[in-house]
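Below are structures written as structure tokens.
Each of the next two complexes has chain A plus one other chain: chain B in the first, chain C in the second.
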Partner chain A sequence: MRKIRLTQEGVVLALAVAMCVVFAVALPNFLTTGNLIALVRSVSILGILGLGMGLVVIARGIDLALIATMVVSVSWVLSLTTNSGWNLGPALLLGAGFVILIGLINGILIAYATIPAIFTTLAMGLVVYGVGRGWLFQVDVQNTPDNSAFFNFLGRTTVLGMPMLIVAFLVLALLMWLALRWTRFGRFVYAMGDNPAAARIVGLPVRPMIVAEHVITALIAYAAGLVMAAASSGMSTRVYNSTMIYDVLLVVVLGGIGLSGGRGGVRNILVGTLLVGVLLDGMTIMDVPYIEQNLIKSIILLCAIVVDSIINPRDEQTAQQEQGDI
Partner chain B sequence: MRTFKIIAAALSLALGAATFSGAMAQDQKGLDNKVKRDPYYDGLKGKKVVFVPLAMGFDLTEGWAAIMKKQAADLGYSFEIRDPNWSTDAGTRAITAIIAEKPDLAIIHNPDLQSYARLEQRMVKEGIKVLQVNLETTVPTDYYVGADWVKVGLIQADALVKKCGKGSGTSGKVAILEGQPTAASNLYELYAYYKVFADNPEIKVVADQAATYDPAKARAITETVLQQHPDLCGIVGNWDNQDVGAGAAVEAAGKSDQVYIVTSGGGSQTGCDNIKKGLLDLIVSYDVPLQGDSLNQAIVTLLNSPAKAGEIQSTYFTPLTLQTKEWVASHNCWNLDQLK
Partner chain C sequence: MSSDTLTRIRYRYLPDHLIGEILSKRWIDNAVPFLALVVLVAVFGIIAPGFLSVSSITDLGRQVAEFGLIVLGLSIVLMSGGIDLSVASVFTLAVLASLIGTNVEGFSVGLTAIGVVFLGVVCGSINGYLIGYMRLRAFLTTLVTLIIFRSIYDILFLRMSTAIVASFSDSDFLFFIGSGTILGIPFSLWVTLIIAVGWHIVLSRMRPGWRLTAVGGARRSAYNAGISVRRTVFFAYVWSGALSALAGFLFAARIGSTGADTGVGLEVSALTAAVLGGNSLGGGRGSVAKAAMGALFVLILSNNLTNFGVSGPVNSTILGCVLISSVFIDMRWLRNRHKWLSKIYVSPAYLQLPPPPSATDANSPYALNDKLRSVEIIGLGQIDGPEDVILDRDDNLYCGTRHGDIVRFFGPDHKRHEVFAHIGGHPLGMQFDRDGNLLVCIGGMGLYKVTPQKEVIKLTDETNRSFLSVVDDSRLRLADDLDIAPDGRVYFSEATIRYEQEEWATDALESRGNGRMICYDPRTGTTKTEIHRRVFPNGVCMANDGVSFLFAESWIATINRYYFDGPKKGTIETVISNLPGYPDNINRASDGNYWAALLGMRTPALDLALSMPGFRRRMARRVAPDLWLYPNINTGCVVKFDEQGNILDALWDLGGQNHPMITSMREHKGYLYLGGVSNNRIGRYKLPDADPNWTAQDFYWGREGSSRT
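Coming up: the complex of A and B.
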């Protein structure tokens, strides 16, 4: 099993490298440091969101409220600071509290009310967005406060020539890797994803774990949103209406994290992010029109899901579980 | 003190009596202007107007709605907003519901050239007058109030040719940032860009990408284009709220002096601030407050006109303002609170 799993990740990595080579030969300025940084930078947000999505998917769940959580929490923080005169510190704390609440509601509905994750989070996304548009902010583009040290630090500083955006992605990836690989929490996540019934029978705290995962994922979405706002000096809630949630799933599934849970890790997300980055960057350089870009992206997602279902077939023994069965 | 008060009271009484008798006299001479005022106000009272924007919550639609709401409250006709929140599908449902409700006038902000065209024809057939605002469909209805997008595009392209064309000593390389590829603004502007650039062969279009109104996407595209073409001379884009992302990418690359960014927008304070910050160089503004006033005038005209729906088709292309650093320094830009 392990050997096959490596193959999917390997295939994607090989594909990414192959495309890199083709682009490097065909497109004159592809392999410059500047372009490579721009490439990674443009998919860093996607990568960070992929880490959050990856966590719940490994535990055999899904979080479709990810984008709404990110957009609404950060827009609220920005609206409080720029329009209502709040200090950034308390506003950031309030925003964190808000996403924790979203995560808790998601987790409790999924774990204790046993509503499938896909429906819970789909509905929660709409609820969160609706609450945001209705009460938390008026205009759908919120700008970061002028001369804010916090946002300038996130958006403008560089470490070893790398923008903070990329650094944030790498740091979060490292933390997630440590958590999944070296903590009890991480091992439990894999156990739950692999076979929730067995995990419960051997005494793992499956329900609290589900709640915890969703809270962590919501916090990751919050972090992604703050970095995104810093990078583009504002947050547009229209992102919620875009195809971003599918792009996040693309990164996760493409990298080889099986939708049936229990498989994959941070490395898969990095590989998936890299392939999407190379693809997008190459298509922009080649000036491929928008419609074709979307078409190419969706075909690749479709192929990835097909490959996923062949390589990670549903486990007949566990597929009947109500829990997070998507 | 007391005598003073009495005198004041007597004076005001006398004054009141004088004006009252004056009013009586004017009534008799027809100076109450009943002939014009009565049909004007009575014709509007109790009428029903419905507005279907692309979405609420951004400068253009919030600005128009604020102005239209104020007049509706003043003149006593109802004004409702059906917000489809960027979903053409929800907009289609909203319009279908409107057809059943039969309001007197529907104001439609079209997401693209085709989607609502048939529904609008059906509305007209059902006797509902249709006013299209700023983004039109291919089929004209009772009224269109909004920018002449071809003209906006021509002005934008000409400005870019001036900066990057013959004799400018630049590479002549320009990038186009489209908005929503199927929207009226986008298609008409694109036609204009390519028409102008065809007459100026020294302009080379090195990228033509859609940022779909998203500043983050505009930023990512611009970053990549700048890597490929470090000698880029100009960027022409569809909307200021989107192209500010391109400005951020140019600024991050330290090329604000080299790359000239032309865009169009509603002329709000946010846009002006972005010009001041050096993120954008020229906004061809279609002036939302002015468009709001034109909309109000069109609403009154349509509600009071004896013409049937679809009988007369009028267009008003709202005037354009060129907002640059110099213009912003000496003019005020609007914000939503002023309009409310």
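Coming up: the complex of A and C.
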């Protein structure tokens, strides 16, 4: 008899499936087409963000500016096209340039100025949002331009019966898997997460790598924002003020990517996304008020962090000493 | 005026060694935040009309009272090496709880205050348990509890908001807490000031505060030192929660209402304030003053920006930039402080030495010879670093070692040895007092006494603090050699107050008067600095008149005589001014003259460099220490001199075989015993025409301790 190994991934997957079954039986609205589409939409956006967060977490970092980057860059692009009369193409390029700049600033502050990632990105979130609200666009909600082929393609077409949103998520996931699994870059990311000092000593370009990771993560956030704008025909700055960043962290931590870095991969993000998506969707159907959803989510996240700290205990030898016990 | 004179004047009157000393003080961490605060107040005092008016300042005082408590709580957690982002939510919850308590439920003000603080304690205990006992990551954990407490607030606020708006408290006391003043200072500010002063005393003067900073500074060392790390961390969070809750109570008493955006983003402001003030994110470095400066800075900045019509998001952008730059400065400062300090601290002085007398000339009193080549060797390889040696009346030989021991070789053959006493530090100069106790100067520790029964007694490890000295010169860093006056007073030298013993070579590079002569009076138990600013005072020996002593100043190759009593009291005379080497210990000889050890020889290159302080400073900054110009300690010798400064004899080991390096010598029953601070042996040289029964104790104290006549 083969022994079944109990991994966090497996447990989470089983939990997600079980919740699906329970919801399908208990909640009459769960299995309707409308709900499943809503589920897929929210799941794919969360999943794409999870891919970005996962990359930096595997390399023992964190990016709390993810949502601000997404909201501000896409809002600016939309504001440029609808209000200032830009063509979508140049506006998209400008948006990409903007997120690359954010990623560069994040990466340089973390890698070269040696400011802890968690502080840099916390403060950068504020800075990016303030810059956006102060100078880049005026109103809270930006709509996608009417009859834009790009957003229609992203938001409305299907491939083999699957909405484009989920296809975009799966394609990005595949790319990320390839990059992490089969490229030198990917192996370096794991090495850095496992032991940054050792990675540096054996000659890995740790600092440029940190910058590159944050640029990639910012680009992924940009992609998630475009998908979100396509799915809901616009972007609201209220997304920034929501607790979405915790949903993303929930995806990563629940999926089994240890916060101490060097563990996990794309598969973990997929199962984490599934579980969190089903959970959020179920709570919405059950009509749990938004603020109580926050309470439930944050308590689950706290439990996930507790479990994570037990499963992946911190290695005191490689835990960063200089920046304190954070 | 020649350029040399200019150099001399410049190095005499420009005290640039003070820059390094100021930079090495702990309070220098406060300089940057303090300057930033002064500039900020000046700028807004000029461009913002009414900023410095009484009403504006009173209002600011109330806000500082509330915000300051939160920043203080967060700073306490930072000092323990953690972080607490949930302060904002605890504050908001406390505001709500106070309003429910006083307005809706109608509890008394005191009961509400106690209940609210208890609520903060509960919230803090949750954080503290998770982080202190379960070892979760502080940042993420408190980020999540921030959301949890905030969600609880949102849920409760929705249910209670109408009830809160509908009723209000008519308590005069509550009104007084919110709006009253005592002596013109708002009540809430009094509360905060009292707590701040209390915490300042705890952090700077009391054990719990020291433990807190120890845990933050070096967690593992604190654990190894027996501090309960987990409990300390736990209580840091409890305090943070309690102080934030108290701030919430004060806020509720002042404003009397709450809204959906109360306390939003407060955690970032508080964090910015705490880090900006200079509380280090790495833990272990912080103070109440820093928290206060940071809180003032952030409040003044954001209040004025709001007054100038800057929108909320832009305001927080500026705050975010301030946060990033203050964390950046904190990181750079912590990492580079020692580097900058080591570049700046070494500050050579100007010194012009005359050309040294020749030792190669056969007619010179220092003429080279090889008398020490054939000395007998005692304890080879059994001891390390006998800086000084001494013999008692029973011919036992004592020496200190680098390991902090005093080793005794049993007379008369000195084959066997034992550890006479273990003290620590590096025992240097030694002397027997009238009753046969061994007094010893210990580098890094002070002046100690070892009784014949091997009991170790600390005589003194501090002296009076000089009024204008920047470095704390009350602790003894490098007590070097001593001698005892006939009345029992102990005169000892401290070679330098700027360096530790192992950095003696850096002091040689400076060649400034960093050292001093100190007197310990056993009758009163007091210690007092007798002579200030001497260049590496080293050996000390009582002169035969009983009212003066000879002491060596190593780096200026001089032996002086100081009168501590008698008609010439307080004067210093130069006995020998231009030795060919650097004098170390001085001891009595059987013919009434004195022996002096030269620990190393002067070299023309270093002598020249001494008159070029700029050159030596560049060398100290740019060249690795092992490539500096040093005194030549490969060769040394022993000279005999009289009180008039005439050199009577010189003993060399020219071949450099047995005793090239000598820091001390003692004459005892016709033999001269030689010690060297970097040697692994003691030498014994047969003096050809010395009194074979002469011992220093009998000569100085008289036979068997009877008083000297």
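Everything that follows uses one rule, which is that the second predicted complex is superposed on the first by the 300 of 326 C-alpha atoms of A that agree within 3 Å, B and C clash if a C-alpha of one lies under 4 Å from a C-alpha of the other, contacts with A are read in each partner's own complex, and residues count from 1 in each chain.
Operating definition for what follows: a contact is a pair of C-beta atoms (placed from the backbone, for glycine too) under 8 Å apart; a residue touches a chain by one contact, two chains touch by 3 or more.
Predicted model, so just to flag it, every value in this text is computed and none were measured.
Asks: Looking at A:I285, would you say it contacts chain B, chain C, both, or neither? Reply first, second, both or neither.
Replies: first
Asks: Is A:Q142 touching anything from chain B or chain C once the two structures are fitted on A? First, second, both or neither.
Replies: A:Q142 sits against neither chain B nor chain C.
Asks: Which partner does A:I305 reach: the first (chain B), the second (chain C), both, or neither?
Replies: Only chain C is touched by A:I305; chain B is not.
Asks: Check the residue A:T69 against both partner chains and state whether it touches chain B (first), chain C (second), both, or neither.
Replies: Touch status of A:T69: no partner.
Asks: Output check: A:P116 vs chain B and chain C. Expected answer is one of first, second, both, neither. What do you get?
Replies: After superposition on chain A, A:P116 lies in contact with chain C alone.
Asks: What is the contact status of A:R133 with respect to chain B (first) and chain C (second): first, second, both, or neither?
Replies: The answer is both, since A:R133 touches chain B and chain C.
Asks: State whether A:R41 touches chain B only (first), chain C only (second), both chains, or neither.
Replies: first
Asks: Same chain A residues contacting chain B and chain C, which ones?
Replies: In the superposed arrangement, which is not itself an observed complex, chain A uses residues 133, 291 for both chain B and chain C.
Asks: Given the complex with chain A, which residues does chain B contribute to the contact?
Replies: That would be residues 55, 57-59, 62, 85-87, 178, 181, 206-210, 212-216, 219-221, 223-228, 241, 244-245, 248, 252, 270, 336 of chain B.
Asks: Give the list of chain A residues in touch with chain B in this complex.
Replies: Counting only chain A, the residues touching chain B are 27-29, 32, 34-35, 38-39, 41-42, 45, 133, 138-141, 143, 156, 228, 231-234, 236-239, 241-242, 280-281, 284-285, 287, 289-291.
Asks: Under the definition above, what is the set of chain C residues touching chain A in their complex?
Replies: 78, 81-83, 130-131, 134-141, 144-145, 147-148, 150-152, 154-155, 158, 216, 219-220, 233, 265, 268, 280-283, 311, 313-321, 323-324, 327-328, 331, 334-335
Asks: Okay, in this complex, where on chain A does chain C touch?
Replies: Against chain C, the touching part of chain A is residues 109, 113-116, 118-120, 122-127, 129-134, 243, 246, 249, 259, 291-292, 294-295, 298-299, 301-302, 305-306, 309, 313-314, 316, 321-326.
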